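Heads up, the next two complexes both have chain A, just with different partners, chain B and then chain C.
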Partner chain A sequence: MEALFTHWLTQNLLVLAGFSLIAWMLWSASHHERWRRAWLRFRSDRGGIIALVVVGIYLILGALEVLSFPTKSGGTRTVLDLFVGGVPAEKSYSAPLATRLLSEAKPDPVKATHLLGTDALGKDVFVETLKACKTALIIGGLTAAIYIPLGTLFGILAGYFRRRVDDLIQYVYTTLASIPTILLLVAIILVLGKGLGTMSFALGLTAWVGLCRLIRGETLRQAERPYITAARALGQSHWNIITRHILPNVLHLVVINFVLGFSGIVLAESVLSYLGVGTPVGTPSWGNMIDSGRSELSRDPMVWWNLVSATVALFGLVLSLNLVGDSLRRAFDPKRG
Partner chain B sequence: MPETPLLEIRDLSINFATENGTVEAVKGISFTVAKGETLAVVGESGSGKSVTGLALTRLLPEPPTIYKSGEILLEGRSVLKMSPRELRNIRGNKIAYIFQEPSTSLNPVFTIRNQIAEAIKLHRPEVRDIDAEVIKYLDLVGLVDPAKRLHDYPHQLSGGMQQRVMIAMALSCQPDLLVADEPTTALDVTIQAQIMDQLRDLKKQVNMSIILITHNFGIISGIADRVAVMFRGKIVEYGDTRTVLSNPQHPYTKALIQCIPQPGQKRERLATIDHAALEATI
Partner chain C sequence: MLSYVLRRLLYAVPIVLGVIAITFLLFNVLQTPQAAATLVLGPKASQQARAEWIKNRGLDKPKSEQFVKHVKNMATFNFGTSWKSGRELNEVFRTGVGPSLMITIPGFLAGLIGGVGLALYQVFVRNSLLDRSITLWAVALMSVPTVVYIIFLQAIGALMLNYFPASGFDWRGLETLKFVALPIIIMAVVNLGSDVRLYRTIFMEEITQDYVRTALAKGLSSGHVLGVHVFKNGLIALITLTVGSLPALITGSLLIENFFGIPGLGNVLVLAIGTGDQPVVMASVYLGSLLYIASLILTDICYALADPRIRLS
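After this line comes the complex of A and B, so read on.
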């Protein structure tokens, strides 16, 4: 099972499936009046478009690192390696654009110029940063795929049906929330084993609580509004009211929660990596880079490029996601334009 | 054998079980509505008139609502014994509603075309050209240039236009009975008159029964065939509109009619209702 999942062909298919899903969602949205109008409004929002392009670049970088092909020697190489694989590794640290290694005893000349220097193992930091994009996107994406449907569904059910359903859902999430998050995360990961998949599962299992609470509150508010009574008075079924009336009215909260939560998820990845239960060592991730950067800051001379490039990359992704989320929310607000 | 009335309420009592005890909202009311007839239910806030209207298709949340006793018969079938599926079938299809606040009764994220289309798709799946049908009903309720308004969102319409859209939505289901719960209260006076005229016209054109729930005796003449006056959950007077208006029997009815400002009247303090005195009479 594990071998099948990590096979290069499966991975390529998964990437293709992901992009086809996005394409299909865009295609079906383009046939929907409301989304088409939102797009017209979104298009005139220059900041939103720039942020969307940046998110797109991150997505493509992540995809390039997953898409791979077999080599003659029996292994596999990713497409990203085709572009950056030629950068040679050094023996140890070297500063950005330096000509010699950062070593007082043996400041050997470097084999090639490194835009952002190299890390303790001599790997090019720029290349590592690009590769880590994949890890962040996989963790963010997988976690979101778990917690967003869970949180939205249970939130709406609790807020709409109230009484027993609400009691049950509240009982479940208060129980989950009463356990310290880190402890719960570590426990789940230790039981299920380390890996990106289990980490996303554990993060998803703890992250839905916040969304569920938010959606429950908003649903309680929306369900009191007369248009829900009006919909019931028209003979709409519960399912129709939930999907056609409540869901569209709480969806903006889901979008905002996702983009804001994404940074939290990537951050949680680095926290877990620090505790030794996060991304496996050897997998490039911003969390791992930031984590190792902590001790490198106290070196003399200081090694800052590792930390800075991972942070800037993380910041760029989170900022552009936030801007896109913000523009989306404005584009969907019918009170505008 | 007399014809079965469209709607018959027999001795209906409705309670709300709250944490602070039981509230008796409706206490043993009875009335009938024949096909094509208009009944006005008049009373002050809290008299139980809206609860009665919502109870007709069991729209009140249960619990806390308890239908303590009595019967609601729609064409002879008991609404209180219906399954959720049967209830959904009569809602909109047999009994449609217009509510007080048109601005919040429309879903803010859908265009008016989509909201009316939804009602049509639900109850009349045989309709092919939905856009044409939506335009037909918007035209019927007197919305100017409906084809241009189709893709507007509710907030882009004025209060009067929103209420017309609500009426069009209710009518598009082709119900036998329209329950208009304070349809003009949230609108300003000139628009109130327009909406009432519209309802009067529609009544002639579509031949459906209407239950008009209002606190304002002033708007019912000329539209209601009969009137039921509600006070403290009871019907205190019930009869032909003209008779009740010209010769009110119950002190509460008399007091309510005195509250209507008359044109040309001297500027005096408007009559108010002395509840303590009325309590003693019932």
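After this line comes the complex of A and C, so read on.
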């Protein structure tokens, strides 16, 4: 199972599937009146468009690091390696664009120029920063794959059926919400073991509560509307009312929550990595780079490039996601934005 | 009022039981006693030492028996001892509360005052370029990871400028201030971005109300209307949002305390996480949830006190 999942062909297919999913969603949105109007408003929002382009660049970077092909020697290389894989590793730290290594007595000359220097293991920081993009996207994507269906489904069920169903779902999420999020995350990861999978599972288990609450509230409002009463009077089944009438009317909230939630997940990864329960050591991630930065800043001479490049990369993604989320909210709800 | 509080407390019982059940499920069912023993004693411990350790802690008893005992212990606040240090947990928490509160309360208040002030100012200059750029700055501030704030401000304030000690804590009257000043500043800045945005939304909603138009129409200055009328009315929404976030403060200082070596609750917890000290983590989860539930009830009471129209019945 593990071998099948990590096989290069499966990974390429997953990337393809991901991009097809985005394309399909855009295509079906373009046939929907509300989404078309929102797009017209979004288009005139220059900041939102720029942020969307930046998010797109991050997406492509992550995809390039996943897309891979077999080499003659039997291993695999990613497409990103084609561009930046040729950079040789050094023995230890070297400053950005430095000609010699960072060491006291007799610093050896570097084998190649490193735009952002090298880290403790001599790896090129610029390349590592680019590669870490994939890790952030995988964690965010996996988490979203868990919490979006969970939150949307339970939110709609609670808001539509009310009574017992609502009581039960509310009880479950109130209980989960009363455990401080960071504690619950750490507890789950400690018990299930560290790794990208368990981290995403834990993040998904805590993230659905907010979405569920939001969707429940909106479903409660929609269910009061005359068009739902009309659908019921016409004898439509619950399934039809939920999938044809309620879901399309709450879906924009899901998309906005997804965009803003994604930025929260990327930020959470850095906290978990600091606490030692985040991305496993050896996997390039911004959280791990920032975590190692705290001891590097107190070195003499100071090593700041590792921390700064990871922070800037993470900041760029989170800021763009936040801006896209805000612009989306304004586009769908111009009165309140 | 009293009957309302009592009823709310009764409603809280199943939620607290649920929280206890979740932590029990995680640590005592999903995690095998063997795994816990390995985590605490280390991978080199002998099979016999592990078996003895498990027996001493009653982890080999039937799960139902363990659960009943666990609920009893939690309900009577009898948290037992730490697996690592062997100290009484009640004692550990009691000594940790002081240093934690020294940071969280001033940090929270400073952040609140700064956030509300900025938000009110934004409403004062609403829809101008200044307003929009403050909002953009707020979004930028909330896009920086907490860890980076801590590392960066420590590097500048302590390592480069030497204004503050880099870490440590001591009860020495005014001297204590030196140790907590930098953590307090960080505490105030970390959430400033998201807070300013939230408060701005609250005040912007108030400003469309009729009473604002009336106050302006009778000739009051817009500064007065904002600072007194809008502020007071916005306070109601503010209370609901901030009181609910109080327990998060304690865990929010988790990273800060650990980074600055302050012996508070957050630091205790980070150490426990690192060493697999399960009783500490379980008791912290339980206490954190109790605080959260208590603060929700407190929110509703504050709400009723601030707005006489709301009746608690």
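Going forward, the second predicted complex is superposed on the first by the 268 of 337 C-alpha atoms of A that agree within 3 Å, B and C clash if a C-alpha of one lies under 4 Å from a C-alpha of the other, contacts with A are read in each partner's own complex, and residues count from 1 in each chain.
By definition in this document, a residue touches a chain if its C-beta (ideal position, glycine included) is under 8 Å from a C-beta of that chain, and two chains touch if they have at least 3 such contacts.
Fair warning: this is a prediction, and the values are worked out from it, not measured in the lab.
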A:318 touches, of chain B and chain C: first, second, both or neither? second
Which partner, chain B or chain C, touches more chain A residues: C
Touched partner set for A:73, first chain B, second chain C, both or neither: neither
Contacts of A:290 with chain B and chain C, given as first, second, both or neither: second
Chain A residues contacted in one complex by chain B, in the other by chain C: none
Touch list for chain A against partner chain C, complex: 47, 171-172, 174-184, 186-188, 190-192, 263, 267, 270-271, 274-277, 287, 290-291, 293-294, 297-298, 307, 311, 314-315, 318-319, 322-323, 326
Interface residues, chain A side, partner chain B - complex: 33-34, 225-227, 229-237, 240, 244-245, 248-249, 332, 334-335
Chain C to chain A touching residues, read off their complex: 14-15, 18-19, 22-23, 26-27, 30-31, 136, 139-140, 142-148, 151, 155, 159, 166, 247-248, 250-251, 254-255, 259, 269-270, 273-274, 276, 281, 284-285, 288-289, 292-293
Interface residues, chain B side, partner chain A - complex: 54, 57, 59, 87-93, 96-97, 99-101, 104-111, 114, 118-119, 122-123, 151, 153, 155, 166, 169, 173
